[in-house]
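Each of the next two complexes has chain A plus one more chain, namely chain B in the first and chain C in the second.
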Partner chain A sequence: MIDTVRSRAAELLKSGEVSVVVGYREGRRRELAVPHFVRDVADVDALVLDPFCSGGLAVFATREAVSQGAAFVATPQDIRSLRVLVQEGQITSENVRIIGFACQAPGNPAGEIRLLEGSRLEDFDNVIECAADNNIAAEVARIMAMPPEERWRFWRAEFDKCVRCYACRAACPMCYCAECIADRNLPQWIETTARPRGNFAWNLIRAWHLAGRCTLCGACERACSEGIKLTLLNAMLAAEVRDAFDYVAGFGCADEAGVFASFKDSDKEEFLIDG
Partner chain B sequence: MKVLEKSRMRDLLAAIMAAGSRLVAPVEREGSHRFAWVDSAAEVRLPDITCDNTIKEFFFPRAERLLTYKRAANRVDITAPAVSEAPFVVFGCRPCDAAALDIVDRVFNWDSPDKTWNARREAATVVTIACSRADEYCFCTSVGLAPDSRTGSDVILLPLESGDFAVETVTDKGRAFVEKYAASLSDQKDTAAKIASVPQKADATAAAKWLKANFDSGLYADASERCLGCGICTYYCPTCHCFDIQDEADGLSGARLKAWDSCSFALFTKHTSGHNPRADRPSRWRQRIMHKFSYYPDLFGVISCTGCGRCGRMCPVDLGVLETLTAIPGEDT
Partner chain C sequence: MARIGVFVCHCGENIARTVDVKKVVDAAAQLPGVAVASDYRYMCSEPGQRMIADTIRENRLTGLVVAACSPQMHEKTFRRAAASAGLNPYLVEMANIREHCSWVHENRDEATAKAIDIVSMMVAKVRQDEPLSSVKVPVTCRALVIGGGISGIEAALSIADSGVEVVLVEKEPSIGGHMAQLGETFPTLDCSQCILTPKMVEAAQHPNIRLMTYAEVEKLDGFVGNFKATIRRKARYVDADLCTGCGACLEKCPVKKVPSAFDENLGPRTAIYRPFPQAVPNKPVIDAAACLKLTKDACGICSKVCPTGAIKYDDAASVITEDFGAVIVATGYDVLAAAEFGEYGYGKYADVVTSLQFERMESASGPTGGKIIRPSDGAEPRSIVFIQCCGSRDEARGRPYCSKICCMYTAKHAMLYKHKVHDGQAYVFYIDVRAGGKNYEEFVRRAVEKDSALYLRGRVSHVYREGGKLVVKGVDTLAGEAVEVKADLVVLATAVTPRAGAVALAQTLGISYDTYGFYSEVHPKLRPVETSKAGVYLAGACSAPRDIPDAVASGAAAAAKALSILSAETLEREPTVARVNDATCVHCGNCIAACPYDAIEDFEVRDRAGNLIKVIARVNESVCQGCGVCVALCRSKSIDLAGFNDRQIYSQIDALSAW
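Our next item is the complex of A and B:
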């Protein structure tokens, strides 16, 4: 299987379709394959594919050196992330190629991997497989069933862990703003020190800015050095968006506008008119 | 020699707390080992390597109040918290953790002594455990340290084959500690300690020469290509000490805070004009490497890295300074 990945990477580079293949190579420890940029056909043998290729490479798509033509060794969530980036006008689908794979148990050495058919983003329209979505639904339900005070304490304890390293932002494909609101300091919109108030403000605004955009790739939570349950928070907002607008980020096709950039007659307007 | 028997470690920790001293020691939380204030010896769980966080936060907190202010009718009342620290013991850190204290002492006593850092250093007794294991990220021997270095420790515990620890005093403070808690220790005949073997992976001193001569090298762009630009490597570094001063207001009152900051962030060097002298990732990565292995040794005579390996171990993309050190031409040993 890795031979297929390598030969497809080589073909894409040789044909000039892309100038870089963003994939994985072995890390220092077994449980973490690391992002690897291949620009030279001779280097494709460094690429690996195993259950420790955790996804999230779409974060590199908006970098200038990559956005001009790149292939991504991509999970279904990464494909969805790339699609959102196209919808939001950050990259053009013409410049994206995909070497898609799905692992039925990511992070588990025995996790089975299969390659996905297709090369261009359009080939993956309506790819919906996504194990993470199902696993987290029960946890969302558990949190939502808590009385508000208990839920408040739960999130307060989670956000208290935050050291404000912004790894969640750095690892997120959707956090591509040239200047993040957290870095706007004239005036300082969000307190920067790792104290409860600023930590709450930062973690909530990060999540809000991802509503209707997050594809639940989990890169933020994997990057978080304090184990904050960021995917859970993202999933709660994704559930809100799904219930209110019947919309899941990154599904469908890239030329459809995102949920907050479009209007449908069926959109609910309870906040304007009663019912 | 004095020995701390493995089975009596919790007795010692309980005795420390019973004597009125506060205690910082490793605990386990959600599958990760952390240095934390502990209330009971039963909470303590020693990690194989070291904890994910560093002990610097007990000397240089993530966010610390320098003063509080309150606006009144025609004046502003300012209150500065008293600089005094009750004694505490840091137990179970590693030589790479303790050595960092000695390194940071220098910058915090350079032009203007940092009162709170010094007060906490004064109040702390550091009881280190030498390493009997190392992982693929450890590189203390590449920066002139060792798994049983004494620097920064007051007492060092050397692991024995039996699982007990030989107790060696390093400073006067350490001697007083051993005398005070003698009842928790025993006497045994001398046995050799079982110390980890940490292969030398780079020569940081030789690397410093190359760094100085190759400021404009393309190495930094290559080395930092997959860097995400977060602050993990700096916030989990035992020697990174950069901070920001922020006023956080609450209506007419508020606090002035000293809080961790990171050279990984673009905002770190952004001027008021909008110009940023370190506008891209490679220049920020270069700064991190140069500061540790060139500028700091020039200013203070020590490398500002203890080889603890956290910058790689904690990094979401497994980067860390060692990879760059070993990529320096001719320095790959």
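Our next item is the complex of A and C:
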């Protein structure tokens, strides 16, 4: 399988379709695969593909990086992230190629990997469910079943751990703002000290800013040194967006506006009296 | 350093009754940055305004808080007063201690404390205010009138007469609207066409009016003073420039049995047709669905008989865009499909007709040549039952409103029937007779007293056929008994409804509409022809059922309003508009998609050599309405709203909440 990945990468580079292939190489430990940027065909042999390739490479899909063409060794969530980035005008889909794979048990050495058919973003219109989504759905249901006080305690305990290192932001493909609201100080929207008020503000505002955009790639949670359940938080808002607007991030068409920037006649208007 | 003046108004007793004004003044005087605080009984009065202006000058004030009523009410007044004293008007803030405080509270102490809070917030805000200057926008001096009925014609003529160019778009092949269908008009009984056609001709010949019939507005972009309309001209299949209106084609067309919509399906028309003989322009169009040449590639007779070669079977629809400064919507009304009234036998019995069908019968140019007949056998009806409020004032059918015109035209119908059939008897079932209008009540009394129409107060339960007659079963609520009337003809006064497609057009134009689909005025009493969209005005029955005098009056009123925009070279607009921070915008496109006014567009940032640095969002100041949707959506807070910027809002919140 890795041969296929390497030969695809070499092909894309040789043909000039892309100037860089963003994939994985072996880390220092067996359970680690780290991002690898292949710009030279000779370098493709360093690419690896195993259950430790955890996804999240879409974070490298910046306007600048993709402008000369870039290919991504991408999980289904990464593919969805790339689609959101296209939708938000950060990258253009002609410049993106995909070497897609799905792992049925990420992180488990025995996890089975299969390659996904397709090369361009448009080829992946139907990459919908993945195992991770279902696991998180069960967790969302468990939290939502808690009484509000208990849920409050749960999140309070989670956010108390936050040290405000902003690693989540750095790892997130959707956090591409030139200046984050957390860094604004006129006015200061979010208290910068790592204490409950600021921590709540930061984590909730980040979750809000990802509502309808987060594809649950999990990069933030993996990056978090304190193990805050960020994917769960994002999944809860994703569930709200899906219920309210029948919308799942990464499945929209490229020319469709984001869910909060658009209005459909079918939108529920439960906030209106008699809506 | 800030030198702020706080002026607290008593509003007579309106504020002072509930709020201790002196206490508010004392508290305001203690606020940081406040140089002067005082109160006055009527701040908006001439002496009140003079006091403000004098204080600004004497104390060299840098900001002003007027604690009084809603900014809707008097913000402009005080801004003007400040400007007269040399202070930038946007350094004036209103603290609304009337609508938001004194009017809604009873406890004096609590209301006073709240008033102090409101004043503190506005003082905090005014300290962050920056001087702004109004945005000037050029105006395209042309008007678009949508709908060529009587109100649209009136609006177009009024505008054109004052020297401004007008494009009058009508979706039918001829202008004239419903009024062209009518026989005679209440309360004077003058013939509808006789008074209408001169106006139609005047509109067609007016040097400042361009008629665009058989066309529809598809899209409206832009904003007041600078609209861009996309208009679709349907295929006529007849070259209007070559056609002389001789009518040879109409005579020879072999397809003669297409139901005429103009005659309310009571009579036939040909496949190549003009809606009525006095049509303007008097040039036919081909009904592509009925024409043998266009459907089966047979026939082609019209082309052969046309002396000028005007027939063009290969004609196609075309789309044009034109610029306008103002738009008048005069799309009129429909009448409720009588099919809804199964109990009255409409559709089942040929002799149950709608009042618009009756109008066509009564019209000298109608399908019966002005003779009132029973459609089933052509006989003259000896008795007619008119049923009013068919669908109107009917909560059960979702139309609780009154259609306004039915009482009058029913009286007219009863009267005209009597004039034509002297020994005939008209019965009218009614709920109330509403005859509020000049000479209207007298007109109805004439129908009753001189022309012996029998008015029965009550509803009809059902109509059925027995022998050769229609039996109308109803109740006379005044006599308190059930009644049964045998009639030859039953006429249903069906409700006036919004045009089919009215809602879609409203969405195209960006104007609001009510539950039924009638277009909404911005204020039902004081701004009756303006819509919520600046530069778009309403005329005629598209906003509510209207009779001819009302429709004409509203057409002229809409024209006057449109002219107030078109008569200026530039428009001044509020400077409270959104601005994008070029340095931090990442062009995610959210604001562009969300802006309800299409005021935000891509902007290419280039260096001096012309190399593209990046693309960002840019607000068109002349389009922006300052609604703030973009500000709320922008994740990196790269958009701010002048006059309501984040620092101002934050300072207000800070003033209220001691963290």
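We take it that the second predicted complex is superposed on the first by the 268 of 275 C-alpha atoms of A that agree within 3 Å, B and C clash if a C-alpha of one lies under 4 Å from a C-alpha of the other, contacts with A are read in each partner's own complex, and residues count from 1 in each chain.
The criterion applied here is as follows: a residue touches a chain if its C-beta (ideal position, glycine included) is under 8 Å from a C-beta of that chain, and two chains touch if they have at least 3 such contacts.
As the structure is a prediction and not an experimental result, all values here were calculated from the model.
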With both complexes superposed on chain A, which partner does A:K268 reach: first (chain B), second (chain C), both or neither?
neither
First, second, both or neither for A:G89, with chain B first and chain C second
second
Once the shared chain is lined up, is A:C165 touching chain B (first), chain C (second), both, or neither of them?
first
Is A:K14 touching anything from chain B or chain C once the two structures are fitted on A? First, second, both or neither.
neither
Does chain B (first) or chain C (second) touch A:R153, or do both, or does neither?
neither
So in the superposed three-chain picture, is A:P187 touching just chain B, just chain C, both, or none of them (first/second/both/neither)?
second
Would you check which partner chain A:R142 touches, where first means chain B only, second means chain C only, and both and neither mean what they say?
neither
Please indicate which partner A:R39 is in contact with in the superposed arrangement: first for chain B, second for chain C, both, or neither.
neither
Seen from chain B, its contact residues with chain A in the complex are 30-32, 52, 62-63, 135-137, 225-226, 228-232, 234-236, 244, 246, 248, 257, 259-260, 262, 265-267, 312, 314, 316-318
For the chain A and chain B complex, residues of the former touching the latter
27-29, 32, 34-37, 59-60, 163-167, 169-171, 183, 185, 188, 191-195, 197-198, 219, 222-223, 225, 227
Chain A residues touching chain C - in the complex, by the definition given at the top
88-90, 176-181, 184, 186-187, 189, 209, 257-258, 260-262
Per the touch rule above, chain C residues touching chain A in the complex are 583-591, 593-594, 633, 635-638, 646-647, 650-651
